[in-house]
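Shared between the two complexes below is chain A, which has chain B as its partner in the first and chain C in the second.
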Partner chain A sequence: MSSLHLAIFSPFLMAILIPFIFKLFRKLHIGWFVLILPSILFLFFLSKIPLIKDGGVLKATLNWIPSFDINFVAYLDGLGLLFTLLITGIGSLVVLYSIFYLDKNKEKLHNFYVYLLLFMGAMLGVVLSDNLIVLYTFWELTSFSSFLLIGYWNTRERSRYGAQKSMLITVFGGLSMLGGFILLSIMTGSFSIHEIMLQSNTLISNELFLPALILVLLGAFTKSAQFPFYIWLPDAMEAPTPVSAYLHSATMVKAGIYLVARLTPIFALHGAWFWIISLIGIITMCWASFNAVKQTDLKGILAFSTVSQLGLIMSLLGLGSASLHYDFLSKNIYMGAIVAAVFHLINHATFKGSLFMVAGIVDHETGTRDIRKLGGLMYVMPITFTIAVVGTLSMAGLPPFNGFLSKEMFFTSVLNVLQMNIFQMETWGILFPILAWLGSVFTFIYSILLLLKTFTGKLQEEKLDKKPHEAPLGMLFSPIVLGALVIIFGFFPNILSRNILEPAVASILPNLLQENDRFAVHIRFWHGFNLELLMTIGVVVVGILLYLTLKKWRNIYNIFPKRFTLNRFYEKGIDITEKGSYSFTRRLMNGSIRSYLIYIFIFFIGIVTFTLFKKDAIKMDTTNLAPIGIYEITLAVIIILGSITILGAKSRLTSIIALGAVGYTVSLFYILFRAPDLALTQLVIETVSTALFLLAFYHLPQLSRKEEHIGFKLTNALISIGVGLVITIVAISAHSNKMFDSIAKYYIENTHDKAGGGNLVNVILVDFRGFDTMFEISVLGIAALGIYGMIKLRLSNQKKQQRRMADENK
Partner chain B sequence: MEILMAIVIGILFTSGVYLILSKSLLRIIIGTGLLSHGAHLLILTMGGLKRGAVPILGEDGSKYTDPVPQALILTAIVISFGVTAFFLVLAYRAYQELGTDNVDKLRGSEGNE
Partner chain C sequence: MKTSDVILQTMTKVISFIIVLFALHLFFAGHYHPGGGFVGGLITSGAIVLLLLAYDIKTVAKIFPFDYKILIGLGLLFAVGTGVGSLFFGVPFLTHAFGHFHLPLLGETSLHTAVLFDTGVYLVVVGVTMTIIQTIGESE
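So, the complex of A and B:
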């Protein structure tokens, strides 16, 4: 096992150990113990930077199901490294933060850290797998552990609702993605991402290509909370804040981004990839930032802000995929979008992580997250306030923080769209800068809103549950580190570019790899007075104006009726599905045997008739028929009369007698058709069963013994006539379609010589086919025992008597 | 003859199915009785009718009737008898315990709500 595999599996191993350690060391907060692992992993992945920087990759294979080409291939390249650093780095900080956030006496910490470690391992597995099926396995494990973490406070109804919702939506996407992966493997014969990449040029003409693309994108969009699947993310805010900071800002929601980035070399040559991702991304960005302004909950604002920023990154990835369509590499401006996407991915992880932690601190120290109750915390919590200033201004895209740089690069990328001459971008391209600018304005508004409503104004102490004060240093440590990173990346973005960004971009656009120098130059180019800067100034000016007049236009959110929100659609959908299937089952499974029999018979008639016509099997061959004599006609008439008598009989006794008549006539038929053994058996058995029928008749309950007419029912009559007709037609056609002779010749020749008997039927029963007879005897034995048991065993009566006695005693 | 038998069997099946679709348990069991008669006659008819002597060696015919369907029917008769007997006693016990033979009243508690 390689070190990579060990790194992926270590969180799982650790998760197994947690409960034991928890039991052993009651006094210590178990988080301290957990903290060791992500820190070591972070250092481990840091040590790989020099290797990856020079274009190297780390690859290791662990056989899992070699016969299906499903092997655990761990593959570490620039993109994988970036994500592993995020996962382990922010993972360590979140664990540290959670040590101070979660009370060791009040919370079930062992559960929390087991889920968190499961999630961490799964996430590492997602970003390090080269095999699609292994990737899918880890992908579902992230959904699953995220479900557990959202529902961590499982006694709260909102937590369970949020957990269920996120589970349904992400698993829906995960399953679609699996479908896409399977289609990919059908097209290429491989599950390995890098092997599929080699075939990407021929893939595009395959008819399964577009379905695979859409299915994979469904997976990515549900996981990364893109429009219209973002609705699970705001409800996932019921999770403990460290979970929100880790899963729902820095890692899990970026799994979809990772997937899109990873599969760009496979799919990006298709126009649909560019269109869907860029458009959905930009719409998500604009729509979520617009909606974030109306939230009153700190975490609600952050959730919508996360959705919006994910949309931004997603659209950048889409726009960047255009670079594959242009051959003039020396001036390929579109790959700048990929650089911007990767850069903003890192920036977002830093400032959003710190903001969530700030929200958690505010919640922890004041007892509420409602911005209507908060205010004036600036002087009470100065350190938290400082971190919040850094985080929100970076989120709003203001200098000198890192958000400013990535926002400038974002504007550059959407402006570059105007120069595109593919996919009808000449006419539609203008959409992108407009939406991007609008989205940025709203981003600015909610960032400022978040900062000012929480920390400035008047302190409303009477509305708060606790007396607010500054958080302990341990809790502040993680957001301080992230806030410091925001500033460091803002001033010195180039420490990232050579080490992290270049290899990551190189693995998203491997086909342009020989132009390695171009990547580097492009990243360092971040100064200049240009249109992008003007756009930012516009954002700030318009944003401030809109913020100041917020009260006047706030009603705009009420214009849009609540009935048409996506959450309503989701809830209605769930409701309709549930009620619909319930009433469907209710209607179909009504508990009446007769209805079930009617279904069965109707299907029988339908299927047999359909097959008969389909195969053109109805035939009547009159050449090979036995002659009809007067006896046969008489017997046939008796049978028909007997069965009609049963149908029309008013009294049950009449029908029993008529059934007996039919039975005896059948035995007469056996005589006519040369079957003496059958006739004998039939006579005896008919006698015994008639006696049994009479016994059952005699014991009829007194109440319903009143004899009534059977009552004619048209549907029943039609169905039974249908069954009878089908049987007759099948019998006649089968008889007319004899394919080969009977095997009776063998029995006739060998009965005497080999079996030493004279009666053919009896020899077949006990000699040639004796097994049938043995089990037929068992059937009779079981029936006899069963009857005996039914008559003798009276368990319910004893219970009834006991209950009656108990009632009397009361 | 086979065609006449096919029609007779069709009528047996028709009345059997009609009875099975009725409310009374006893009629349902009578219906299964008619169905099994129909099935037995069907097996015999499909084997071909009256194609020679009774299948007992020593009869002077050079051709015998096919013995295989007869053996099959014999098995089927016994099994259907066992099942019918069991059902009848089941119906009898149901009368005793529940006081009804109406299938519609014999529904599970869920369906009655």
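So, the complex of A and C:
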């Protein structure tokens, strides 16, 4: 097993060990043990940077199901490295933070860290798998572990609701994605991403290409909380804050981003890819930032903010895919969008992680996350405040933090759209800068709102559950590191560009690279006076104005009726499905055996008639018919009369007698058709069964023994006539379609010589086909024992008797 | 008022033997003429039913002091045993053998393992019919 596989599996192995360590070391917070693993993994992946930045890749194969081309191929390139560093780096910080955040005595920590490690391993598996099926396996594992983590406080109703919602939505997307993957493998005959990439040029003309593209994007959009699937993310905020910081800002929600980036070389040549991703991304960005302003919960704001930023990254990936339509690299301005996406991905992970931790600290130290109750924490919690300033201003896109740089690059990319001359972007392209700018304005507003409402103003101590004070240093450590990174990346963005960004972009856009060529990414802090800077200034000015007048325009959120929110749609949808399927089963499964028989007979008529007509099988051949004599006619008339009597009889007794008459006539038919054995048996059996019918009749309860005529129902009549007709037609057609002779000749010839008998029927029964007889007598035996059991073992009656006896004893 | 079934009971004493003999005849004739284990079994139980009608369940239980359910198992054992027996001779399951033998008293006789199988059928049918009728008859 290679070191890469070991790295992916180590969290799972650790997760197995956690409960044992937990039992052994009760004194120490178990998080300290867990912390070792992500730190080592982080160092391991850091050590791969020199290899990757020179264009190298690490690849290792572990056979899983070779016969189905499903092997665990681990593949580490620039994009994978970026994500592994995020997962392990932020993972370490989150574990450290959680040690101080979660109480060792009050929480079930062993559960928490097992889930967290499962998630970490699954996430590493997602970003390092080259095989689509393996990727899907880990993808679902992230969904499950996320479900467990959101529902961590499972005694709370909201946690369970949020966990269920996120599960339903992400698993829906995951299954769609699986469908897309399978379509891809049908088209290319391979599950390997890199092998499929080689065929991407021919793939585009395949008719399965577009369905595969849409299905895969459904998976990516649900996981990355894009419009309209973002609704699970705000409800996932019921999870413990370390989980929100880790899963719902830095890693899992970026799995969709990863997928889009990873599959760009396969799908991006199609215009639909460009359109869907950029448009959904920009709409998500604008809509979520608009909605973030109305939230009052700190984590609610951050959740919507995450959705908005993910939309931003997504739209950048979409816009960047346009670069594939322009061959030249030197002046390919659209490539900048991909760089911006990757850069913002890193920036977002840093500042959003730190902001979530800040929100957690505020919650932990004051007992509330409601910004209406908070305020004036600046003097009480100076360090937390400083981190929050760095984080929020970076989120708002202000200099000198890293958010400013990626925001500028974002504006450059959306402005470049104006020059695009494909996909009718000449007319619709203007939409992008406008939406991007609007979204940025709202981003600015909620960032400022988050900062000022929490930390400035008057301290409302009477509304808080606890007396606020600064958090312990251990809890502050992780957000400080992330905040420091925000500043470092802000001032020295180029330490990232050569080591991380270039190889990541190279793996998103491999087709643009010639041999020994590499993307020259250089992020300039100051790029002169241009339209982007003006847009940023506009964002700040308009943002401040809008923030100051917030109270006046806040009511526009109430204009939009609550009935039309996506959450209402989701809840209504769940409700309607539940009620609909309930009423459907209740209507169909009404418990009446009559209805079920009607279904069975109708299906029988329908299927047989359809097949008869479809195969053109109705035939009537009169050549091979025997002559009809007077006896047959007489007996037939008797049987018909008997049957009509059964149907029309008023009393049940008449029906029973008529049925007996029919049975005896059948035995007469046997005599007529020269079947003495059958006639004998039929005679005796008919007698016995008639006696049994009479017995059943005699024991009918007095109440229902009312003699009444069977009511006439048209549907029943039609169905029974239909069944009779169908059977008749089938019988006639089958008789007219004899394709080969009967095998009876063999029996006739060999009864005496081989079986030593004279009675053909009996010889067949006991010798030629004695096997059947053996089981028929077994059936009889089972029936007898069944009757014996039913009559002798009347458990319910016995219980009643016991109860009666007990009552009498009292 | 006490009813007397003396005619019925006397007739039964005579007729039930005739019925049993007829049943045995049908059973043994089965391989060459209409009849066999199934009908033979049914008619044998018919004789017992006649006894049941003429007397009562307790008396008949005294005449035939065995459990009819065991008869079912015994019959199945016969049927399966005949099948398994053929395996000892290296032939497929349920392969029958027959031959003509000279027996004391009976003289030249045709013997056939299928009769053993049919005995199984006969016993099962008697057991099944009697179990059903007796169980229903005893139930309240």
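One rule holds in what follows: the second predicted complex is superposed on the first by the 793 of 810 C-alpha atoms of A that agree within 3 Å, B and C clash if a C-alpha of one lies under 4 Å from a C-alpha of the other, contacts with A are read in each partner's own complex, and residues count from 1 in each chain.
Going forward, a contact is a pair of C-beta atoms (placed from the backbone, for glycine too) under 8 Å apart; a residue touches a chain by one contact, two chains touch by 3 or more.
Quantities reported herein were computed from a predicted structural model and do not represent experimental measurements.
**Q** Record, for the superposition on chain A, whether partners chain B and chain C clash or fit.
**A** Chain B and chain C fit side by side in the superposed model.
**Q** Should A:Thr681 be classified as contacting the first partner (chain B), the second (chain C), both, or neither?
**A** both
**Q** Can A:Asp767 be said to touch chain B (first), chain C (second), both, or neither?
**A** Only chain C; A:Asp767 stays clear of chain B.
**Q** Examine A:Ile495 and indicate which partner it touches, taking first as chain B and second as chain C; both and neither are also allowed.
**A** neither
**Q** Thinking of the overlay built on chain A, is A:Gly758 touched by chain B (first), by chain C (second), by both, or by neither?
**A** In the superposition, A:Gly758 contacts both chain B and chain C.
**Q** Of the two partner chains, chain B (first) and chain C (second), which one does A:Ser643 touch, if any: first, second, both, or neither?
**A** In the superposition, A:Ser643 touches chain B alone.
**Q** Specify the angle subtended at the CA centre of chain A by the CA centres of chain B and chain C, expressed in degrees to the nearest 10.
**A** 20
**Q** Tell me the contact category for A:Leu545 with respect to chain B and chain C: first, second, both or neither.
**A** Neither chain B nor chain C is touched by A:Leu545.
**Q** Looking at A:Leu695 after the superposition, I want to know if it touches chain B, chain C, both of them or none. Which is it: first, second, both, neither?
**A** In the superposed model, A:Leu695 contacts both chain B and chain C.
**Q** By residue count, which of the two partners contacts chain A more extensively, chain B or chain C?
**A** Residues of chain A touched, chain B against chain C: more for B.
**Q** If you stack the two complexes on chain A, which partner ends up touching A:Lys792: first (chain B), second (chain C), both, or neither?
**A** second
**Q** Chain B and chain C, closest CA-CA distance after overlay, in Å?
**A** In this superposition, no C-alpha atom of chain B lies closer than 7 Å to one of chain C.
**Q** If you lay the two complexes on top of each other, which residues of chain A touch chain B in one and chain C in the other?
**A** In chain A, positions 676-677, 681, 685, 688, 692, 695, 757-759, 761, 765, 773, 780, 783-784, 787, 791 sit in both the chain B and chain C interfaces.
**Q** How about chain C: which of its residues touch chain A in the complex?
**A** Contacts found on chain C: 26, 30-39, 42-43, 46, 69, 72-73, 75-76, 79-80, 83, 93-94, 96, 98-99, 110, 112, 114, 117-118, 120-121, 124-125, 127-129, 131-132, 135-136, 139.
**Q** Touching residues of chain B toward chain A in the complex: what are they?
**A** Residue list for chain B touching chain A: 1-24, 26-27, 29-30, 33-34, 37-38, 40-42, 44-58, 64-68, 70-71, 73-75, 77-79, 81-86, 88-93, 95-97, 99-104, 106-108, 110-112.
**Q** Residue numbers of chain A touching chain C in their complex, please.
**A** Within the complex, chain A touches chain C at residues 676-677, 680-681, 684-685, 688, 692, 695, 755-759, 761-763, 765-767, 770-771, 773-774, 777-778, 780-781, 783-785, 787-788, 791-792.
**Q** Please output the residues of chain A touching chain B within their complex, sorted ascending.
**A** 590-594, 597-598, 601, 620, 622, 625-628, 632-633, 636, 639-640, 643-644, 646-647, 652, 655-656, 659, 662-663, 666, 669-670, 672-678, 681-682, 685, 688-689, 692-693, 695-697, 699-701, 703-704, 710-711, 713, 716-717, 719-721, 723-725, 727-728, 731-732, 734-735, 742-744, 747-748, 751-752, 757-761, 764-765, 769, 772-773, 776, 779-780, 782-784, 786-787, 790-791, 796
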